[in-house]
């Protein structure tokens, strides 16, 4: 059953399959991701969640052994369009050409915090600089806005020149979020962002996400099922590269979902 | 308590013997280094001084100093580094960051590995055939430096690849995620964080180039080149030059009647230069390890 | 903020990417270039110039390149010179190199290990001409007084010098190979009550044999290709050190190697003369030998990685 949505969808995925060599990671996955709200994706480890995000922001192109089939549309623009399986590295011929420009429309936060070995300021200013923003004032503005949005500004505003790698894990994760916001993305993907940080920071970031959802589409991949319950209006449950169920979050977590595996997963029987 | 049985005692003795034997073998490697350096310095001491380095040779290289040779080596090494370093670093970037995993990349890697094993005298023949004769550079510092550059090119590639591998993949992914192109990623994050490792490799290349004799013998170095009085930096890229390694070979085998201490002092200067440069690289590497940014 | 790449960025990216690719591929070009240019100078002889006979070139011991009436270019003596010095050098350096590698990887603490590795690195940095000079002075005197021979520049002298030069490469690669043996093997052997000797002979050496073989091969490659040290230390006499009288192998004879011959004679030949071309042929011969050795070593190393 496909849930109804008030908003027209932001991202449309049709029959998406990805495999690494002979091993399939996603098998013919289809779903619509609604605009301007938090969309949760849950599933056990190795179920293809990270692969899905990599395909969404087209960093799958950089995985040498990957091959992709199916389509992904963002605002009805084809990001991936491959009726037959093609090697990921040749996706530029089967989808969007300007990959780097496209990635600037997507913000991505990886499971483990990555502070780049440069100053906090440069961490956040990195993407705008690459995109051609040179003026100092404008950069200052972006850095302050992003760090504030990521709930990190107050802690680091007096030491913007220290190395990003010297921050604590939780701070580095917020720095990563600030960096993901720095190029003003339309979609923000978070991949198990709370895996390496403490509960307090997790709560703060969840608050940040609640605020951001009015401005952008947020895809929250999580292994903490309760996190999806707290934030997402709709949630998809993925298992072994297949979509098991997609519904309003409450329906997924009610214990009366359509598929018994969903009930087992959310109640902690496996995963 | 347990009594030490015969068996345990024998085992312990075997243990000690083993340690002793292998220690002895290791010493056979360490002692020559000390012995060689000590012997050379002892024999060289009568003439070794700053003046010896700074003076020109006199009376058919039987007196005076070694400045033209020293400076020639500096020139050769300088040109070979500015040729080999950029190409070598970029080649390593290709092999580590861009190259797809296929048979062709394996071939390139094999070529690098083999290039490192080509005998220096074959490099010399190649330099003579390709640069001196075919390219028409003649015997010159440029031709000799090109030969040295190709010879040391694999050294730079190997060390650069190692330092690129030390930059975590997550850094690259973080850059790709914000829309940086491959080159922006490499220039913005990968290269700045492997600079010191790359530098260490280049310094080692300098070392190797400075000590080589065979590749420069027929491509640019000469037995003797008079240097005009007062003109201490006498060489241009198209000139022939003297070189320290070649000079040592010449005065120890080709010129009769050289006072004993002079070749020894030349050897000490060559060895000293090489070891000091090498030690710099080692110190640099230790500093990098302690000051890791992540 | 601008999202899409500008045309300038796309062009710049394309240029730099291809420049990098070109630099990467250049390694192959260099290897082919070396073969081509050395071959180019020596090749006319192979195609019948001056009645050159390849079989005779490889099998005749008569090396009289500068004879006016009847120049003869047989490199058998030179091949045997190279072979004898290299073999003896490897025979000397392999046990010591392996022993040192075992000591470094199995017996010593991290501090000492670090120190010894630096020593190895410094040993490897000593220029070959300095080694040659040591052979010419220090080793010559030692050999003359120990063995009571009149002339100390011999196979043995060159071999000892070469052995010292090969040691660093043998030690460092063997050490890598030994370190690659999983600790669980060591623990299992010690759990069964094996002594260190047994551990080394029964467990470590068999487990690391491919890496050790590669180390030895690279040592041989280094020994065969070395020029200046053998030029200065082996006495530079065309001579076959092997004959029918005991002890069949005369380590105290002077010899001359392939590399030393090129280094010593190329400067005196006229460009394009048969002698000049023969020296380039020797270069091709050396190139092929070391290429084969490296290829085999690479295959052996690849074998380790696959395991």
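Chains here go by letter, A, B and C, matching the order in which they are written, and residues are numbered from 1 within each.
Heads up, the rule we're going with is that a contact is a pair of C-beta atoms (placed from the backbone, for glycine too) under 8 Å apart; a residue touches a chain by one contact, two chains touch by 3 or more.
These numbers were taken from a predicted model, which means no experiment stands behind them.
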{"item": "Per-chain CA centroid nearest to the all-protein CA mean", "value": "B"}
{"item": "Chain-chain pair with the highest tally of contacting C-beta pairs", "value": "B-C"}
{"item": "Chain whose average C-alpha position is farthest from chain A's own", "value": "C"}
{"item": "Between chain C and chain A, distance of the C-alpha-averaged centres to the nearest whole Å", "value": "54"}
{"item": "For chain B paired with chain C, centre-to-centre distance based on mean C-alpha positions, whole Å", "value": "17"}
{"item": "Gap in Å, rounded to a whole number, between the CA centres of chain B and chain A", "value": "48"}
{"item": "For chain B, residues that touch 2 or more chains besides their own", "value": "179, 181"}
{"item": "Chain A, residues touching no fewer than two other chains", "value": "100-102, 104, 131, 183"}
{"item": "Residue list for chain C, restricted to those that touch at least two other chains", "value": "3, 5"}
{"item": "Contact set on chain B toward chain A in their complex", "value": "100-101, 170-171, 173-181, 184, 188-189, 192-193, 293-294"}
{"item": "Chain A - residues contacting chain B, complex", "value": "57, 59, 62, 64-65, 89, 100-104, 106-108, 110, 112, 114-118, 126-127, 130-131, 163, 165, 176, 179-180, 182-183"}
{"item": "Residues on chain B engaged by chain C in the complex (per definition of touch)", "value": "11, 14-15, 18-19, 21-26, 28-30, 32-33, 36, 39-40, 43, 86-88, 90-91, 93-95, 98-99, 107-108, 110-115, 117-126, 128-130, 133-134, 150, 153-154, 157, 179, 181-183, 204, 207-208, 210-214, 217-218, 245-246, 248-249, 252-253, 263-264, 267, 270-271, 274-275, 278-279, 282"}
{"item": "In the complex, chain A residues that touch chain C", "value": "98, 100-102, 104-105, 128, 131-133, 183-184"}
{"item": "Touching residues (chain side chain C, partner chain B) in the complex", "value": "3, 5, 9, 12-13, 16-17, 19-21, 23-28, 30-31, 33-34, 37-38, 40-41, 95-100, 102-104, 106-107, 116, 118-123, 125-130, 132-134, 136-138, 164, 167, 171, 195-197, 200, 218, 221-222, 224-228, 231-232, 259, 262-263, 266-267, 271, 279-280, 283, 286-287, 290-291, 293-295, 298"}
